[in-house]
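Labels run A, B, C, D and E following the written order; every chain starts at residue 1.
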Amino acid sequence: MALTALLACPLVGMLLILALPKTAVKAIRSVALLATGAALLGSLQLLAFFQPGRTQVQFQEKLSWIPQLNIFYTVGVDGISLPMVLLTALLSFLACIASTSITERQKEYYALYLLLEVGMLGTFLALDLFLFYVFWEVVLVPMYLMIGIWGGGRREYSAFKFFVYTLAGSLAMLLAILALYLRTRSFDMVHLAAMGHTLDLGFQQLLFVAFFLGFAIKVPVFPFHTWLPDAHVDAPTPGSVLLAGVLLKMGGYGFFRIAYPIFPEGAQWFGGTMALLGMINIVYGAFVAMAQTDFKRLVAYSSVSHMGFVLLGLAGLTAEGWNGAMFQMFSHGVITGAMFLLVGVLYDRAHTRNLEEFGGLGVRVPVYAAFLIFFSLASLGLPGLSGFVAEFLALIGAYGRWTWQTTVSVLGVVVAAAYMLKVIRQVLLGPLNTRWAALPDMTGREVISLAPLLLVVLALGVYPLLLLQIQDTALQQVIAHVLGQPWQR
Amino acid sequence: MSIAYGLLAVLTLLGAVWVVTLRNLFRAALSLGLVLLGVAGLFILLEAEFLAFVQILVYVGAILTLVVFAIMLTAKLHASSASPASRQTVPAAAAALGLFLVLVSTTNALTWPDYPAAEAVSLAALGQELVKTLVLPFEVISLVFVAAMVGAIAIAANPPMKPPPS
Amino acid sequence: MPVQSLLLLSHALFCLGIYGILTRRHAIGLLLSIELILNAAALNFVLFSRAFGHVQAQAFALFIIALAACEAVVGLAIIIRLSRTAKTVFADHVDLLKG
Amino acid sequence: MSTVLWESLSAWWPELILSLGALKVILAGVWFKSPRGALTFAWLFVAAAAAALWVAPVPPSTDVFFGLIVCDPFSLVFRWLALGSVAITLLLMSASRELPLSLRGEGMGLLLAIGVGLMLMAEANHLLMAYLAMELVSLSAYLLVGFLRDARSSEAALKYLLFGALASGIMLFGMSLLFALTGQLSFPALLEAVRGLSGPMASALLVAVSLMLAGLAFKISMVPFHMWTPDAYEGAPAAVTALLSVGPKAAGLALFLRIMAALAPAWPALAPTVLGLTVLTMTLGNVVALVQTNVKRLLAYSTIGQVGYLLIGVVAHTALGHEALLLYLVAYLFMNFGAFACVVAVVNETGSESLEAFRGLSKRAPALALSLALFLLSLAGIPPLLGFFGKFLLFQSALDASQAWLAIAGAVNSAVALYYYANLIRLMYFVPSESARPVRPAAALHVALGLCAAATLLLGLFPGALLEWLSAHASLNLL
Amino acid sequence: MDHAAAPAVTLTLPQLGWIPALPLLAFTLLLFFGRRLGRFSPWVAVAALAGALGITLSLAGTVFHGHRVAVSWAWLSADAPVWSIGLSVDGLSWLMLFVVTSIGTMIALYSMGYMHGDPRLSRFFAYLSLFCASMLLLVLADHFLLLYVGWELVGLCSYLLISFWFEKPEAAAAGRKAFITTRIGDTGLLLGILLLFWTAHELHFSQLDAVRAHLSPGLLTLISVLIFLGAAGKSAQIPLHVWLPDAMEGPTPVSALIHAATMVAAGVYLVARTLPLFTPESLQIVLTIGLLTHLFAGTVALTQTDIKRILAYSTLSQLGLMMVALGLGAAPLAMFHLGTHAFFKALLFLGAGSVIHAAHAQELGQLGGLRKTMPWTAALFFIAAVSMSGLFPLSGFWSKDAILLAARHDHPWLLWVLLGGAAMTTAYIFRVYLRCFEGTAKDHHGATPHAHESPMIMVLPMAMLGLGAIGAGLAGSPWLHHPLFRLLGETHVHEGVDVPILAWSTVAAALGLGLAWVVGVQQRYLLPPALRPLGSQLYRLAANKYYVDELYDRFLIRPFLDLARGLAGFDQRVIDGAVNGAGRVGWGLGELKAWFDQAVVDQLVNGLARTVRGAGATLRWIQTGIVQQYLFVVVMAVVVLSALLRR
């Protein structure tokens, strides 16, 4: 029941908030904090009792849901989903702390926020394809409303774009799920993976592409990425954090959990395209980020670039590559989440995100400067921080199979340095722009919301085994399966 | 026999053509009466005398009268209009002709059973059928009647709330 | 002889009705054309009821006549209504609702 | 009275009660000036009909009234759907401020008559019954559409009437041809006779079928027989529009399925056409809905789009397809009526049907906005709402019947449809309104909204029981 | 993890971790409590470095006996041996450890004086500590990946320290340039690592000999060239040298420590460390690049007027020389020169820093006659200059002569080129010395006359380095029987002093000195008048650093930025609007014009939406509102359907 309880935390919180009057802002906030906090504690509890070496799914629960269609409420975690669950719970909690910048319609906000968390957690916990799809879609609506109501800029347009793009992708996935069900009469991911090799190649290719569409839009993969900059830029800070930190990972997670294990031959057939797209994502995203003047937009495009490593690592089909891709998902979630929080901190004070209007803030706001430098460095893949481990593993994992793609991707690393340092220079360095002479430094609350992320980035960078040993067994097993060895679950 | 058929057919057709082409609506309505009578005549030739009787009674007696009343009620509205009596005649003719050709070419290819293959339907049999097997349609049609009458009275009698936008 | 030629007649009535409904402008004229169509169908039913000796088909024609009456009542009521609210009885004058 | 009639009646009590109710309510409406009495009677009879339907035995022989109708499990679902539509419409009617007070009694009577017609359409087993039932529904509906005292309502009624009269006339002529070809009127006999047709007879059969298709397609608003829909829906009172967008669609599909079952040998020749029209229907409905500014008109086009999805189940032509069709109809009943209940509430308050009237609704009436959002999302097919599950089954049935392109068309259309559904949500949630006056729906609307919302959400989350019930009632054997 | 190929015995010694950990600890302390520690913060750094130096010295005995000290742990994988990383000390790394810790300590002490009064004093020492920690990590790493970690971290510290005075836009820009330029080189290293992993599945340094035996020469060449690319970036070899002169924007102690003594030498260390992977072909490349850099930087140094820049180019030149030694396959010689260079170049920088600190000027034109006011600085600078010039018997002589010897042995022509380089070295360094410390004090700006000797805290470390500049070379001299070469495992050493080389290098030094005096100080033209225009052209070329920066800007950086901007535009217009194209199809109808305007104004629609809405607007146009047209559609549909179905 551990996982159901985990899902219930935000759900109960949401119901409670709906029951509260909308003027009781304090109570609403506390309930939200409690609910996300409880979810975080719950996920840490999972971590404590998780046995990394075991190949089986752990904490599994299976209840019949729609027996006529063989649909079950199946949840469970293994090394692939646990990191994502942790990431979701952590970012949800921290972004909830950072949600004080929301000053209107709090009741609706927090209710949607918690619903969003339910959806995200559920997506990572589900082991039944139907259930997975349900949670996958549940995420859409609250995020749509979040961007649309509390966003800035062209919020309506961006929210719309986000909604329509992702829905279009998931419809392709829905059809694939149906086709798969009609062929196998099962929605059970574990079972489906076990029969993966028995599906004929043409079928696998077709369905892999359909799933790819669904996941690729979420990741997002070039050229389906155009919703991302808009949505990220116009979302409220906590929304951006979750969007970049968790929602993008749902796409990547789908590849690990569904597309690769169920369509092993299809996946291998698609590998070249995957690597190529990964490369394009990395280099293209980095170049486009380089040219941005809006801080948030720059970070958004950097996400495009960084998520490319996930694709590249996946395409590598090696233990290193997969570990790297998975590690990148976690690490990028934390780093980008932090970056968006930092952008939010700056925007709350300066009400502008135009990089060219800043300058020399390093003197004025040393604590902020320290955080910004730290996370920028993490983002550009500085060794000793988590981003490096991920990128290195992804690159090394993909190099053998996709040599030139990887080689070109390494260029992206250089460009990453260029744009991240550009941010640091334009915001922090140089002579102080007198306009910001009275800019206050970060408050304690803001520090609290960022410090855990900093620790995570550092800890994973210094001792990556913390995460690697959780995910390694599961990943190795999936790879062995994809590459043709019998499935042992 | 054939002459009677032919005569009635020509009468009916002629009436029908007038119904759809005559400029004057009142005359068109009268032409419809011609058609209805012609069809009633055909019914008689087809040994459905009761039906012919009903046709004349209901159609000519009731419907046509109503129509004429309605035309007179709304006379001032269409008298004032100087626009043509018909629209889109060419495409409509083409469509109708097309349909006609399809139908005729379809039915002409068929061979029909010898006529008449069976005994004519007697009035007694019809009456028996109506009160026994078709009791349900009877119930339903009475409901239709009531609904149509009450509804028609309701909307025709109720005055408009406000003057319509011009 | 009657089957083929009467069928032809009913086809002609039907298509004339169609033509009328497409061309007449006065709403009541449209109703008249519809009566043509209904008569065509009724004629068919009676014709083949005689051909097959089918009782229910003749009853069907009876019901058609009854329903035609109802339809006329409803149609005329609506037209009278329209003549009051929209001050017109021409089918091509009413185009508030479109798009 | 013969025993056949008694046996028949025992299965047909609900309809009989409803017919008597229709008469009684009409009388009450004519007698009392206040609609209160009529409303009470209407509820009484609807409740009695529901009770009768609940206890109605499944007759030993499916032939009722000498085979004119069948009361098989398949029709049971549609009888419930019809009764549900009537009940919810009754709620909307009693709450709507559009309808002139003096006419509500007559309106409710017509509504009950429509209910009888809808049930009969689903039960019809005979061409005469099919035609009668359709006319009963149509004639009452023409009148109801014209119930408002403005030019638009009359115009809508006229258009609906002329369109409907032509379509049913064409269908009637098709029926007469069918009879000419087969010499049969009852469906089982027709099936026998049609099986024997060949050569030019078979080809003539197809002409007759295509003429009949016009009437059926008109009833379910299938492209290109859909053109009355937006105009009639826009002009009609909102409550009537709600009824029209659900009840006749369900019953029309039932009749369509039954007639196609009777003409089964013609289906293979007809299927590609219906498939094409299905795709056309959903595409046109959804695409044109994008540019609408009147909420009723928008929902009219949305209805056309939804009918397109429903037709997927017909085209699939499998038991699964029928099951999916039934499920989606149930879903559609709740979500569409729910949406219309919200429209009624807004129209009551603002008097405007423009989409602009929904601006900032989330602040003026949070619960209302939330439930409308729920219905719209369900219509758009977002899980875990019932509409999603219905679509899920429909797409599944399409894939199952090797109609992958149909499923893909459905999916693409769902994405397109999201545009206008989400646009309404956008207006409610993102755009501030000029007026801050709260919108307070009437109690009856609260009931309707609550019922629909609960069904949409709960049945969406736990569709198991519903699915089981439906799969027990869905069958390919409709004769 | 036991790697048996180690020379003699491998001792596992967890204390090894303390060497980088001590400065890291200092960094953490300073970062969090720096403000509270205030004036005491430098001592934390100094203590940490001194501690590291102490541990290093305590290891000396073990290492000099030829043993290896190591410690390792699993890192990227719990069970794959290739991913277990560790620290290890052998002769090569011990030498680097010693250089880093000893010079680091000295410079930290010096900085106390130099940075006195800076508001971000503790931050400076924090960065300095972090740098030392990273550098030590780099040196101690026994695994490519760990080396890469250190490698990037020193780059980061370099970045942070160069732009330490970030209010100056030049400093900020210089830091970024340094980081990005070296990162380009690092990509090479990274690719080399990737390639090595995929071909040999081994990344431990101790296994490189085995790897060499496995791989084909072509592959080895490729890998080694890639690695050398990394080394060239860090050691600022052509063509990645552009960042180093700019890096002089940082505080002078930083220049001394990072950009003269230690970090820039890491490239040399890397090549020395991975020498087993280098094939003759790749060594040829190393040699060529080194030689080019040596000469190129020498000529530029002759023409510059900023003393720190001159020293920077001098560093480039000397690093080039080390690369030449590596190119000759003589890693110990390169390391030897690295060691001695560290001392004298650090001293030169500290001297320059002392001058800047005192005179607040660093242009040769504004300096002069400082010997009188700053005798200690002058003397120490002189010692360092002499040492760099390679005059017998100071440190520089021993290391440079060893390289000359090796050059003569392999390629006699190289000897003469290197001698020319040596003459240039003497010329530019004495040009600085003479114009700074000798002659008369300059009047304008009034800076120099008020100069004063630096405080003890600065002079003392300089003196210590001076000792090194004098005597460090003895460690590789035949007089003490080459303890250094034994430490580095080199057995074939030249016994005794080679007199011809000694003579030639002395001549070269004298020639350079003469040039410095005649041209650099007296400003006389030596060229015949006919050649003067050419000479001045060449001079201008050199003075403008051969326009490399300008070329890079024109042909690399600007195209790069243009590409970025272009792609961004592409992203917005093309990718985002890809679906618009289809939408345009529907726009033909005049009816849609109004709709189009509305759609453009209405921000709600974009690409796909426009297409679909366009279709919607077209289709709604069919819905005319005229009922008979609807009916016509019905009839037509029936006609078509029945005709179609009948067939």
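Some notes on this structure:
We adopt the following convention: a contact is a pair of C-beta atoms (placed from the backbone, for glycine too) under 8 Å apart; a residue touches a chain by one contact, two chains touch by 3 or more.
Note that the structure is predicted; figures quoted are calculated from it, not measured.
Counting hops only between chains that touch, chain C reaches chain E in a minimum of 1. The set of chains in contact with chain A as well as chain E comprises D. The chain with its Cα centre farthest from the Cα centre of chain A is B. Chain-level centrality, scored on Cα centres against the all-protein Cα centre, points to A.
By number of C-beta pairs in contact, the leading pair of chains is B-C.
Chain centres computed from CA atoms place B at the largest separation from chain E.
Each chain gets one centre point, the mean of its Cα atoms, and the points for chain C and chain D are 26 Å apart. Annotation: 30 Å between the Cα-based centres of chain B and chain D.
With centres set at the average Cα position, the gap from chain B to chain C is 5 Å. Computed centre separation for the pair chain B/chain E is 100 angstrom, with centres defined by C-alpha atoms.
Each of residues 156, 160, 164 in chain A touches at least two other chains.
Taken residue by residue, chain D touches two or more other chains at 128, 132, 135, 139, 143, 146, 149-151, 157-159, 162, 166, 170, 177, 180, 203-204, 207, 230-231, 291-292, 419, 423, 426, whereas all remaining positions touch fewer.
Looking at chain B, residues 87-88, 91-92, 95-96, 99, 102-103, 106-107, 133-134, 137, 141, 144, 148, 151-152, 155, 159-160, 164 sit in touch with two or more other chains.
All chain pairs in contact, by the document's touch criterion: A-D, A-E, B-C, B-D, B-E, C-D, C-E, D-E. By the touch rule above, chain C contacts chain D in their complex via residues 7, 10, 14, 17-18, 21, 27, 30-31, 34, 37-38, 40-42, 44-45, 47-48, 51-52, 54, 56-57, 59-60, 63-64, 67, 70-71, 74-75, 77-79, 81-82, 84-86, 91, 94-99. Residues 31, 74-78, 80, 145, 148-153, 156, 159, 163, 166-167, 169, 171-173, 175-176, 179-180, 183-184, 187, 190-191, 193-195, 197-198, 561, 563-565, 567-569, 571, 575-576, 578, 603-604, 606, 608-609 of chain E touch chain A in their complex. The residues of chain D lying in touch with chain A in their complex are 362, 366, 377, 380, 382-384, 388, 392, 395-396, 399-400, 404, 407-408, 411-412, 414-415, 418-419, 422-423, 425-426, 429-431, 462-464, 467-468, 471. By the touch criterion given at the top, residues 628-629, 632, 635-636, 638-639, 642-643, 646 of chain E touch chain B in their complex.
Residues of chain E touching chain D in their complex: 595, 604, 609, 612-613, 615-617, 619-620, 623, 625, 627, 630-631, 633-638, 641-642, 644-647.
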